[in-house]
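Two complexes are shown next, each including subunit A; its partner changes from subunit B in the first to subunit C in the second.
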Partner chain A sequence: MIEAFILLLIILPLFAGVLSLILPRLWRGAFAVILSSVNFLIAVYLFKKELTFSFPWAGFGIDFSLRLNHFSGFIILAASFFGLLISLYALNFLKGKDSAKQFYAYILISISFVNGAVLANNLVVLLFFWEALLLTQYGMIVIGGRLAFRTATKALIISGASDLCMMAGVILTGYLAKTLLISDISLPLDLLGSLAFILLVTGAISKAGSVPFHTWIPDAAEAAPLPFMAFFPAAIEKLLGIYFLARITLDLFKLNTNSILSSVLMIIGALTIIIAVMMALIQKDYKKLLSYHAISQVGYMVLGIGTCLPAGIIGGIFHMINHALYKCGLFLTGGAVEKQAGTTDLAKLGGLGLSMPITFFCFLITAASISGVWPFNGFFSKELIYDAALERGKIFYLAAILGSFLTAASFLKLGHTVFLGKVSQKYKEAPVLMLIPMVILAFTCIIFGVFNRLPINNFIQPILGIRAAGHNFSGMPANFMLVIVTVIVLLAAFLHHFIAVRMNGGAIRAAEHIHQAPVLSTIYRWAEKKYLDPYEVGIKLINKLAKIFWRIDRGIDWLYGSLIVNLTFAFSRVIHKIQAGYYIIYVIWSLVGAFAVMSFVLR
Partner chain B sequence: MVVLFILIPFVLLLVLNLPFKFLNARIAFWLSVVLFSTQALFVLINSLFAWSNYPAVLGQFLIFKLWLDPLAFIMLFTIAIVVLVSLLVARSTITTEKRSFNFINLLLVALTGMNATVLVADIFSLYVFVEITAVAVFVLMAIEKNKFAIEGTFKYLVLSMFASVFILTSIAFFILACGDLSFSEIHNAFLANSNIILLNFAIGLFLCGLFIKCGVVPFHGWVPDAYSEAQSAVSVLLAGIVTKITGIYVLMRLFSSVFVLKGSFHNLIMLIGVISIVFAALAAFRQDNIKRMLSYSSISQVGYIVLAIGCGTPLAILGAILHFFNHAIFKSLLFVNAAALEKKFGSTDMSIITGLGSQLPVTSVTSLVGLLSTAGIPPLSGFWSKLIIIIALFNAQQFTYGWIALLASVLTLAYFLFMERNIFLIKTETAPEGSDGVPFGIKFCEILLAAITIGVGLGFPFILNSQILQLKGLLY
Partner chain C sequence: MKNELVLFLIIFIPIIGALALPFMGRISTRLRNGVSFTLVVLSFLFSSFLLPTALSNQSIAIVKYFPLGFNFILSADSLAVGMAIVVSFISALIILYSFDYIKHYENQNEYYFMVVLFLGAMMGLVFSGNLILLYIFWEITAVTSWRLIGFFRRKEHILRADKAFLVTVFGSLLMLLGFIRMYQETGSFDLSTIKQVIKLHPISDLTIALILAGIFSKSATLPFHTWLPDAGVAPSPVTALLHAAVLVKIGVYVFARIFIATIPLAVFWQTAVPVIAGISALICAGAALVETDLKRIIAYSTISQIGFIFLGLSIGSPIGVAGGLLFILMHGLAKAGLFLCAGVVEQNAKTKDIRQLGGLIQTMPVTALSFLFCAFSVMSIPPFGGFFSKYMVISGALETGHLVIAAVFLFGALLTILYLLRAFNMVFLGEIKNSSVKEGSFIMLLCVGLFAILSLAGGIFIQYPNAVVQEITRQLFSLR
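After this line comes the complex of A and B, so read on.
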């Protein structure tokens, strides 16, 4: 009986999503909220249970096999929690908007696919749900408006391409392991094994939004409806991507600290932190700035898991859930600002702190969390990652701490610009239905920080099982030097901000000296022209190729359409002239022909 | 009994010309209709062997020997159909009582000549009957006493004369080389391989004569004028069957089962065929008169048959026979369409008669069937015969000719679609108003011929199994 519940996690939201499309439009939001709460309750009920479920599906060893264990139960709990909050938030945010028609259906169907992907105990089943998420992702972006189509296509192509890599990885893994059952696979990292590992990791970190698969996220921030940003890139894509990354490194392959692939992962993580945060620093749009941070923070998680040390892995997973909490919260404050002020352009915003105190409060807590301020949750997960990174190499630690400095700087700039400063206009506070999810998220951030023992011991440490036995990762960090460095860095960020505001004139220009720095300004210019975006470069290349092929095609067309036709007509003109109509000419022809035949015969 | 095919038309001709008042054009018409239909039905109903097993009582009085084989059988059927169509068309296009009567008489002469051509078994009688047919057609062409018809007739006459000279000279050489003119003796002479130079010379001359009769490039000068200037009914007769029997049938008969050729002759015939295909197809593009366009198309299609005969493998000969039959049917159909247009609008100039699709539904649809069949579009009859020819060419390693034959189909389709669009499909303000409807006789012919084209196309696998495969065995 209880096995049916885990199937219910997939079937219920899926059918509810389809059903919501035929419901009257006014009911859809409430329906989605009810269904996602039901889903949340089921997830709570199933948490900490171990279940398997399987029935034959496609043959060739591809069974529809699901498995609920501690890790997947935790992810499903988190995902359903965010699904509930976002549908609650969207209730008011999307009211009267055209995109509300389909949004609730997509959110419910997405929940179903996420549950399916997380529960899957068969690589093909996992891939099935994983790829199906592309559909809802596309649909959610494309309802954003007229300009969203291009972005949706970009997202689809980037995600589709990396998912193709993952598909290849699944095939290779299945070939090497002779089974597709995730719980049975344990492969060494030899030559082919490494290839399979890289292909699978490509899919995982692309879903999480790591460099270089990130470029659609800032575009989507401008085009897609805000609840999508808070739900997909901020929350569930991180949950899914990092979950699968952790499964790959922990279960499917035995990655250890000696492996070069571990270093590769750490390098990717470090690069993601630095590149994305540098871009975030110069953004002048609330949502776009947040979206770059959504990329940057992935770097910490990849770095943490890449260290292959228990502290790093626990820090990475803890950072994943923390990031989902505060980034979701930040996006929701952005939505509140957008809803009330009608814009997210930093140049037009200012002094909102007085008129929207609760939103400001939520922003303060979540921004402090992402910057790693004690005692909020981001501090603890980052300290764990710093600890592990320092053990693997100083350079990784430096990258992480530099990223922290820049994160703090950019959020100081954001908060200063939006909530402090001159009061340009009086706005009302956001509606209660939008405030509730924000407040819940902000308080969760505090709880996960102050009482960090609760999530680490209950949710995260059991994932590692025997590997983390005997350690205690909760509480204040063991290495107190790290804490001091962090505090110094944060103070430096404060100091830097005040000096920069004074020197550059205005909070919004707080990062201008970095923007205009000698080498960086060139790089920034390239980045703004999208020269550094692999997708846009690829599209340009394809356009050039298409032009060349078009020329070739025109040539062929000319050959058929003009040359042959003109030649045909030219010949027929000549023949027409010859056919003058005098019988004597015909007689001569015949005689010449006969002469030719006879000379042929008698030769 | 075979001789009845020759004697009955001949006797009917004599009876019609007895000095009785009641023997008018009307009686002559219906008697001829009965005769032609009977010939077609008899061929359809009776098997070949039933015919050849009758005691040849009457035949022994003749100075020439007759034979009947499956090839001749198909020819007799084709002749009957086309002659019947020509007669029906003539009924509505030739209005004068006297001319109509003369037309029927001459048609009977032509029928006698063609039937005999198909049935005789020696080369001299063959020549005589070819000439009888030709003479009847000369007069038929000149039956319309206008300047252009006379000019066309004259061109045909002059070139035919050259053909006769070639063929007669060639026959003289055959007498020198073989001593006898029956097919079997000539065949034996070839097998014995004596006097081979003389025989080759004779074949060369004979070929030149036949090429003129077939109207292949570069011996084709008379064809466009003769076909297009003649009276519509005569065009059907001439294009549909006369040049086919007097030229192509003879070529087919002699070069597939009588003469034994060396390889270079095959190449020569194929070369002439390919030149005809391409040259005439290109020439057809420039024509603004529908009948002239059809004439060039006819030359081009004859090129296919000649090409297949030149290839000479059993499959190619089979393809040639099929294309012969199909071409006779669909080219007659297209000429009947032209006759309908001429009857209704008094012109065959494509710049005048445009946008007629709604006025002439039957003609429009049947002409589409005819042209698609000519271009070899499946599943119409023309597709199968062209397919067999091209397969035979490829099987015989004649890839160049095969590809040319294949690609020339595109040209055929191009100029025919041009014609179809111009006359029927286009919508214009200046579409001419016709005098009255298309006569029933012409409509009947159009539908009959289109039905045969579609029927043969659709039922081809059945026909191939039940009727045609026996040809292959008997040809060799």
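After this line comes the complex of A and C, so read on.
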């Protein structure tokens, strides 16, 4: 009964999550590790298998149908891998913290929802699990502290709004395709089709954390417990968002390079890269800096998939898994620093490399990966994206390469500030249980880079099927000129960093000349005051609108409470005056009445 | 014959029983409480008993002819039975909650008498097969709700009760005019006869407009809505009853009864009603975002959500109608839970002003969690039941090509998330403003917890409610 296994992927973590709330507090962590290992093993077992499972559910075409294929198996494998590592990491990180009470439950339930969303072969089932993730997201941020609920609310509202768009997209798609079964849908991009496409893409890139749906992520970096950041925005939200984006562009709709929507996607991608990395550059907090990079890197994936070229799509999906690996690893190094040094404020950190060598080592590898240094994994996925971007337009390539320059610059600043420089205080290395996940992630980054044939040929290229047949995307990049440009850009970033450190005085001030540059400084000031945050602007507008609505409501109430009451009293006063008790008035009224009756009868 | 007897008992057990409650209260409060709960539970059990018969499309009817068209007709089709089950179930839980809530106040005999009579009248209305009979039950609910809103007898409470009574009765008089015109046009007050006659010549728009005015005033839809937030001065179980189970659902139900089951709504009204509902949904969602009184916020939320129900029922597509019917269930469960939670907060913190509340999750976790669950259901976030009802309603709107209306309602759904989270955050999270607040009593928590869990279960096990809803919809559409 192998079909039962894919149901197990959803049910087992869900029940385990609920159960872990009842278990004694000390057991919860270990329980979560065991259960996420079981989940990982099931995912390994099911990988490369093709299964379907379906039973009638809500009617109206909404069947609970699941489908395991290569792509979904791969995403589930990756998600369960990260779930396992994060629960392992949290064992020590959250020890003794109040947030540990509920965290494991949320992580297990999230795994269940992710599995459900990825396995879903019905758009409504997908939406069901997809949107249900809002709950665990809300819960995980709320437990971060007394005031964390503000960020949690922001996250829930942003994601809720985009999920409502996605709901409309699902309905429209189902209506146009006359079915909700994902594997049966293949729609042309006509007028309504394009609308449905845009609505679905809104949901997908919002989950991935692209501009303009990103602003809760940096806030969450400050408010939420760190394992949440490593698990949600760094790993599974990217997996889910990019997975669905790829499904939309590859399967649900026939998007091709001629479509204007392809260019729109690429523009969103390019903007995301630049805007987020510019913000990352000036951050003075370890976690917040990383969070902006978690946004910026989404830009590469969206750009890659938006190109509609095999190289770009493969690069985008490869970058998704690479990003999850190194960004998760980077957040975990941030967590190690936070745990040992008690702060992530860059101004208070320095020289940690000596006292925390393994953390430093993991940071070096993951930072090199994200900067696109050969031979780490980020290099290869970025080269594929560059290649496709250049084919679609120089401007996209320029944006991507500029993003790489700034990424490298900001990681040089971060690494230099935290791990090198003056030793302010001596700290111990992080506990072993926290180091293990970090080291595993760092080594996976190396393996996915050096032996990139392994992931590309086993995991990614089969996703495209015949569309990528005959191509070989593994090994060294095909276009050698691009590699040279990349190397030059990285060297320039190095050079820039050292000059900037000397000129601005100190590694932490390495980006100050950009921060204080004429036009940019104004934009930065606005951004820091949240004038440019679509959420804050939107909420302000909605509150103004709500005031107007409320006035209208009060106006209607005034009609009832004052106008009608006063009219009634005025009327009765008139009647009262008429009925004054004078004999003659009654006689006149009687005569008028009699006349009226007579004229009616005799007509 | 057995089914007919059961149908009769569903209505008259609570109505007759209610009359005896004040006398029992003189003997023992426990006896009175127990009996009033039993009466409603009996009503629920008998309704459930009829469900299999109704779903298999067999008609159950009691018919007694009287002159001038004032026939006494009770008929139980699947729509009526489904509605009766939902209403009596929610009411039973609310009465259970009342045991601990109302014992702190005076005039309890009157309370139980009115509540049970209210429910009985609702049952009568649900099964009425004749417009005049329907109108009589309708007005009984108006009188009982007038007494219940003004239950605490303070000057402003009585004024607000009067307001609710005057607005709804004004509406129902318009509706009565509509019924009379209907009689002139079709020659009968019987719904089954009207349905036959209507196939030959359609009903005039004025008649429809008059009846709709009555429905909108009872269901608190713009512009007849402002009495509902004001009715928040009533005891919390009563507001829950008004909002979730009985009063506002009357209008919705009668809409379904007349304009889906009897007269197919003309194309003009298939756009007009959603437009009114959409304006109502938006304006009141905005008002909920500004209000600072917890019960008023939830009341505005009800008005806003009722708009969604009207959208689903009026849009003229099967999935929309099914969504609207499912919405009645899911909204009933969640909204009852929200009001009962608000009742726990109000009773223990002695205030309804959300600016003076905060951090209550520390001292009342069960209430906080139940409130959150119910709020999630109203926000339509899966796996809660509200997700499916909202999905189906919006689906109905989009499939019939009402893109703009669907967009308006989606914006309304966003506002729902905003105002419910705002209320939850200000009441239960953040700074603790009054640390002495205690958690509610066991029975009260049991009720709110049940509503929360049912809201969740309604989403996960959607196949069961939806199977019933689908069958009802199928019967409604096949009968045309």
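Remarks
Here, the second predicted complex is superposed on the first by the 541 of 603 C-alpha atoms of A that agree within 3 Å, B and C clash if a C-alpha of one lies under 4 Å from a C-alpha of the other, contacts with A are read in each partner's own complex, and residues count from 1 in each chain.
Here is the rule we use: a contact is a pair of C-beta atoms (placed from the backbone, for glycine too) under 8 Å apart; a residue touches a chain by one contact, two chains touch by 3 or more.
Small disclaimer: the values here were computed from a predicted structure and weren't measured.
With both structures placed on the common chain, the touch criterion links A:M266 to neither subunit B nor subunit C. Of the two partner chains, neither subunit B nor subunit C is touched by A:I456. Look at A:V501: by the touch rule set out above, it reaches neither subunit B nor subunit C.
Residue contacts after overlaying the shared chain place A:F549 against subunit C, while subunit B stays out of touching range. By the touch criterion defined above, A:L352 lies against neither subunit B nor subunit C after alignment on the C-alpha atoms of chain A.
Contacts of A:V587 after superposition: subunit B is touched, whereas subunit C is not reached.
Of all residues in subunit A, those touching subunit B in their complex are 568-569, 571-573, 575-576, 579, 581, 583, 585-587, 589-594, 597-598, 600-602. For subunit C in complex with subunit A, the residues that touch the partner chain are 163, 167, 222-223, 225-227, 282-287, 289-291, 300, 318-319, 322, 376, 379, 381-383, 387-388, 390-392, 394-395, 398-399, 406-407, 410, 413-415, 417-418, 421, 425, 429-431, 462-463, 466-467, 470. On subunit A, the positions that touch subunit C within their shared complex are 56-60, 62, 124, 127-129, 131-132, 134-135, 142, 146-147, 149-150, 153, 156-157, 160-161, 164-165, 167-168, 171-172, 174-175, 539, 542-543, 545-550, 552-553, 556-557, 559-561. Of all the residues in subunit B, the ones that touch subunit A in their complex are 154-155, 158-159, 162, 166, 197, 200-201, 203-205, 207-208, 211-212, 218-219, 221-222, 224-225, 264-265, 268, 279, 282-286, 411, 414.
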